[in-house]
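Two complexes follow with chain A in common, the first pairing it with chain B and the second with chain C.
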Partner chain A sequence: MMRLLRSLLPGRRKLGFAYLFSLAISVALALLLGALMMRLTGYSPVEGYAALVKGAFGTRRALGNTLAKAVTLSMTGLAMAVAAQAGIFNVGGEGQLFLGGMAAAIVGSQLTGWPAAVAVPLAFVAAITAGGLYALLPGVLKVRLKVNEVITTIMLNSVAIYLCAYLANGPLRTADKGIAAGTNAIDPAYVFPRLIPLSNLTASAVYAAVLALLCWYVMKRSTIGYEMKLTGQNPRFARYMGMKTDRLILWSMAASGALCGIVGLFEVYGLHRRFIPSLSNEFYFDGMLVAMIMRYDPVGIVLMSVFFAMLKIGGTAMELGVGISSELILIVQSIIIFFMAAQSGLARIVRERRGRRAARRRIEGKNVPQGEATS
Partner chain B sequence: MSDIFTIALLQNTLRTATPIILAGLGVLMTDHVGIMNIGMDGMMLTGAFFAVVGSFYLGSWLGGIAAALLAGVLLGLFFGVFVIKLGSDEFIIGVALNIFAGGLTVYLLRTIFGVKGAFSDPAIVPLPRFVWPWLEGIPVIGPLLSGNTLLVYVSWALVLVCWLVIYRTPLGFWLRAAGEHPLSLRSAGISPERMKYLASLLCGVFAGLAGAHLSLGYLTMFTENMSAARGFIAVACVIFGAGSPPRVFLAALLFGFIDALGLRLQSANVNSNLTAMAPYLVTVVMMAVLVVRTEARKKRQIQTR
Partner chain C sequence: MREQQSAVRFTRVSMQFSGVLANDNVTLDIHSGEVFALVGENGAGKSTLMNILYGLHTPTAGDVYVRGKRVERYSPAGAITMGVGMVHQHFMLVPSFTVAQNIVLSREPKRRGLLYDFKKAEETVHALVNEYGLSVDPGARVSQLGLGLQQRVEILKTLHRGADILILDEPTAVLTPQETDDLFAVIRRIVQEKGMTVILITHKLYEVMALSDRVGVMRGGRLVGLEETKNVNERMLASMMTGSEMPPGQFAREGSAGDTAVEVLGLQTLNDRGLPAVKGVSFSIRRGEILGVAGIEGNGQSELVEAIAGLRPLRGGEVRIRGQRINGLLPGEIRGLGLAHVPEDRRLTGASLQADVTDNLLAGRQREKRFAVGRIHRKRGAARQYAEKLFRAFDIRGAGVDAPAGSLSGGNLQKVVVAREFSFDAPVFLISQPTRGVDIGAARSIHQSIVDKRNAGAAVLLVSADLDEVFQLSDRIITMYEGRITGEFTAGSIEKAEIGYYMTGDRIARHHSGEEAL
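Our next item is the complex of A and B:
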């Protein structure tokens, strides 16, 4: 039965050697184009990239920041992948992240004086619930009413971000005059310890590692992950096989939102110690990019996150040191996607053309002797 | 209440609706050939940036529009090559295009003008504004029709032109056929691919105009990420409008109204974050309502049959 199922699946979504090879070429070309842009705008590419690598790995602190960024990217990337596996695009992770962070901050600032072993798990529950439920909303709209989830999730991002900004400036605003906008601080006892002093790398990396393992297991090794994959690739077939596709889509959406909510919690409990309106700077979109480049493969996402984190953290150092705007990194990252798309498209065109030529040759080869026989 | 519902509210409605109308017409073009253009937001943003560049360096608003159009057409062609020729996923290319546009505009803002965040300069020439004193005497309609910038009128005309072209000309018929029955179109001797390219290019043209209105229409400046998800609202408008230009126009006016109402309420001391939320929330609610209603209509049709 399983073999029959597997034979029906298109096997091209795997991260094969050919795919990784084309990825390497794309990354190299994108970095080259980035160098060209530096040259054209009057900077030295060698100097720029040297500052980038040094800024990402040069000191213990820089290394910690890069790893911390990799944690955020892999969590958001995995969130995208979990939903995409079941065939639903969660573009609303940014909003889910904000709500999760807000919920966790409320728990941490209201329940002061509790043992951390009780309060922190409660904060996790709050973040998971807030993020998960908020993701469930477009999920239900998609499954029950067939409303396009891409548009609704994007709209819900803005709704959540403005709502949280309202809360942090209004009803939940801290009495502390020194804070521009934000909720009350969480109890210091709940703050995650730093793994590398002075860097952004906190104990959230440990939680993230556990969550990443869990994601990998569910997506790649469990029955439910397999059913999700089938639902994503061929929902009609999955339904005929007796799978509850609607429920699978909803669960994967909720899981995706929960992961984003947890990222919000990480930001609050690890770094800012309170909810602030600038909690995330489009972290989810960066993670989405990683997930799309790695074709939603969990292991690939974690590895690629480290590379993207290097670009991101190093990019800031490059801006400070050499003066090249760090947005260059966004350009390089999106160009990687364009190159990947171009390569797979060109490969397909070449394959089709070759197939057509081979077919024509076969027909001609057969026709000629037949024609001779009849004449 | 009378402070809020004024002529100025309606004037603001027209002003804020215009970029959504123009972007909506662009999305509509690709929608008819069966491509959902999520990248509209980024195309608009790029258009807005190059409108400022053109206007600043060429010293004329025409130069600004020309630069915005050029940027739009190039991005439209770029999008078309990937989605049509290379068969890439339009969603992935759209998302990548948005990120690319966000990065490119800020990078160029930094390297060309040496500023971060926003760029405004007296040397940027805004779009011309048409004031007709004889019209302004007419109550309500007069102040609405007079005193708008060029692209407001252009957008109204384009709604009509698009409707005529799509539903009343062979070209529009081919465009729609390229989306609905590409094989029949091919057997009629017309290439669906060519129609799709045409739609992508037109989409770029509209994106350029929408961007030019954003940065040269009323503000005369470029700010980072100034499209503020308007491209996505335009996509939503096309879904509400079911592909018909007049209906997309009405949907865009509705969003313009909500946006303008929010601004008015803000001056009436309602929290700005809550009012800013409104257009996005309304989009979600409207999309759900629309789908429920069309489903119900379908069901009724089946029952009566």
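Our next item is the complex of A and C:
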């Protein structure tokens, strides 16, 4: 289990041409299998996929919804990638997201009547602090006591989600009887403007673009990213070379949690306008998948997020329009993931075969003139 | 010798891993009913050879025969069927299970063909324990047993599976002296009374002398010696293990030693298993001086170096580098005092195999002005150029600076580590096994670089399993045995043949009542 997880961590393999090639084949095969299933259930694949693409990009509203979905996926995916760069498997993003959303909602609903230019940054600070500190907890446990972060982060998800549910149903419950559960609404002045009317695409996308750029820069172009990468690949080497590996691990964990907290803020300030217990439907786990498929490459994560968002939004439209069950899209997604998981294994087998054959040739060639070679 | 039947036969076995020829054309016969010791330094290929026998690797070339029968498919399951059992250095037991449950694991006795018969399991193990005289309580939980008893459970497990050829990989590494004596008694009993064949992998020579009938010496993947134990002594084995094919070289030494740069006082530290590895070692090194440490591997040299580099906590004593006490400092802080370090293990410590060669060569300098704007923004072009320069200067052969370091052969990876560390203008160098696995030409140039550093006024601590290397380069030599310094010499005041006494320490004095040691 741990070996499997470790093989999923970054640095193992790069996002090279060969990988992208097999990714393209996987996607094509998955779509082909999806087409086959449509055929078998009596629908036209051409019609189905046309409805899917149209449903995702066909109208301004659809486009907005697809991009909004991509924003969530790429932010959570990048959160996963930032931690993974330093060798940490942060499975606790969901909890960090909830706490960030709750903290932002408290700020927005308690500090009403402030100028948005003050209150919104404060909400960001609250979300970043809540998510970051909550991620720091398993980080400290890992660094100080060598407690495996996979287990602690998974466990802490439930703690955060139920804590927030308690707050939203209990002490912080809105007085509004029309709301099933949730905090008070934030001041309407703080709500993010919509970039495309009637769609879910809000100013979150602008913040997300800035954050994605920052992530890419830190991971790919900064000395800190370099040190995080070496720490993730071989912590012993990084320490031996003089890097402060403990501190790097803590910072990347905090950054990962902060990004998740911000996604929580996006959901509150962009869409729901208050904290609700169903703030996220496992958004972080979807992002994790995207990040893992793209081997934690920031650019790759953003692009793949758009694709997965298309499947998600277009899938619903396809069901409504043509009648093909949107579960089919889940199957297509699963097949892509399945192929990509198999890909690493297959590539290894091929590589080992090839290496063994080459080595055998070398040795057998060498055994003959050995007397000369060793003289 | 009762019988001379062949238990195991290796014919022209070679094993190639990526870049490393771990076994090179090994032909070896192990007789039935003997204790055969296989000795060699780390990386000599002894574990690889035995892992082949146990079916963990398929040899790249050559064949293995067990009792005359050729091994067709290499797998542990196959090896067990042929009667080969192996006890690894790291035990493979389920801690929460009882002794009996562990021993019958995967062949549990069943009641009505379905239910686990715990009672039967304990009875079976009881019978086994009595048959072999290996006392251990079948009902005890493994997590509550000491390492010596856990090892006994491992041995019983292989016996339960019908092994009569037993491979023990460094069995005494984790044991106390008392547990070691018990293990030896057990081995003698199962060989003499049950006619088993035992293969002992070790680099502790007194164990070879105490226990084995015959001994094979491996070096650099090849079998370089095969003797009846009664015809050799520890000293002869030591020289077979540590000899090298390196041509003697002369290096021009200039200048005389200056101020003291490194002071080690009563240093104590533990090994990875928490046992004392260095038991109070003191020495000093002056600038412009190479201090060589000679010793059979596993006598505390590695731990000593790691403690000085800050990679292993000190348990006692102190270390000063250029007058500064380093106790409790991080490795990076110690480097800041002017230390560079070529570690003995290039794959685990000396490099990141997944990172490309550029990243490996740059490490430690990433925040320098010429490689980063404001310590943050990487100048990747400058880094690449710098790496290419070192790549050429050290004649590294490989797919180039953009290839992952893991794709380089062992010798070339070593050059990457050496190139990086020697590019630091440090007054103190810790150098461990600098030329292991490196071809002769490269080894010579590494040697020249070490002497150049010395001539330029650096203090060098050189640890090597290769005696010739220590003799060629050092101004002074200390010998280590069992975590202590057993001798100190200036270059030229002692012969290579003579230093074996000190490297095998008081053991010779003990086993031969002192006559030979003095």
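Assume the second predicted complex is superposed on the first by the 328 of 375 C-alpha atoms of A that agree within 3 Å, B and C clash if a C-alpha of one lies under 4 Å from a C-alpha of the other, contacts with A are read in each partner's own complex, and residues count from 1 in each chain.
What we mean here is this: contacts are C-beta pairs under 8 Å (C-beta built on N, C-alpha and C of every residue); 3 or more make two chains touch, one makes a residue touch a chain.
What you see is a predicted model, and the numbers here were worked out from it, not measured in a lab.
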Legend entry - Touched partner set for A:I331, first chain B, second chain C, both or neither: first
Inset, instruction - Considering only touches as defined above, state whether A:A116 meets chain B (first), chain C (second), both or neither. - result: neither
Inset, instruction - Would you sort A:G170 into first (chain B), second (chain C), both or neither based on which partner it touches? - result: first
Legend entry - First, second, both or neither for A:M241, with chain B first and chain C second: second
Inset, instruction - Have a look at where A:I151 lands relative to chain B and chain C in the superposition and call it first, second, both or neither. - result: first
Inset, instruction - Using the touch definition from the top, say if A:T223 reaches chain B (first), chain C (second), both or neither. - result: second
Legend entry - Superposed model, chain A: greater residue contact from chain B or chain C: B
Legend entry - Which of chain B and chain C A:T41 touches, first, second, both or neither: first
Legend entry - Residues on chain B engaged by chain A in the complex (per definition of touch): 36, 38, 82, 85-89, 91-93, 95-97, 99-100, 102-104, 106-107, 110-111, 116, 229, 232-233, 235-236, 239, 271, 273-274, 276-277, 280-281, 283-284, 287-288, 291-292, 295
Inset, instruction - Note which residues of chain A are touching chain B in the complex, please. - result: 37, 41-42, 89, 91, 138, 141, 145-148, 150-152, 154-159, 162-163, 165-166, 169-170, 285, 288-289, 292, 325, 327-331, 333-335, 337-338, 341-342, 344-346, 348-349
Legend entry - Complex contacts: residues of chain A adjacent to chain C: 11-13, 221-224, 226-227, 229-230, 233-234, 236-244, 355-356, 359-360, 362-364, 367, 370
Inset, instruction - Please name which positions on chain C make contact with chain A in the complex. - result: 12, 14, 16, 18, 21, 25, 60-61, 309, 311, 330-333, 335-336, 341, 343, 348-355, 359, 363-364, 366-367, 372, 375-378, 380
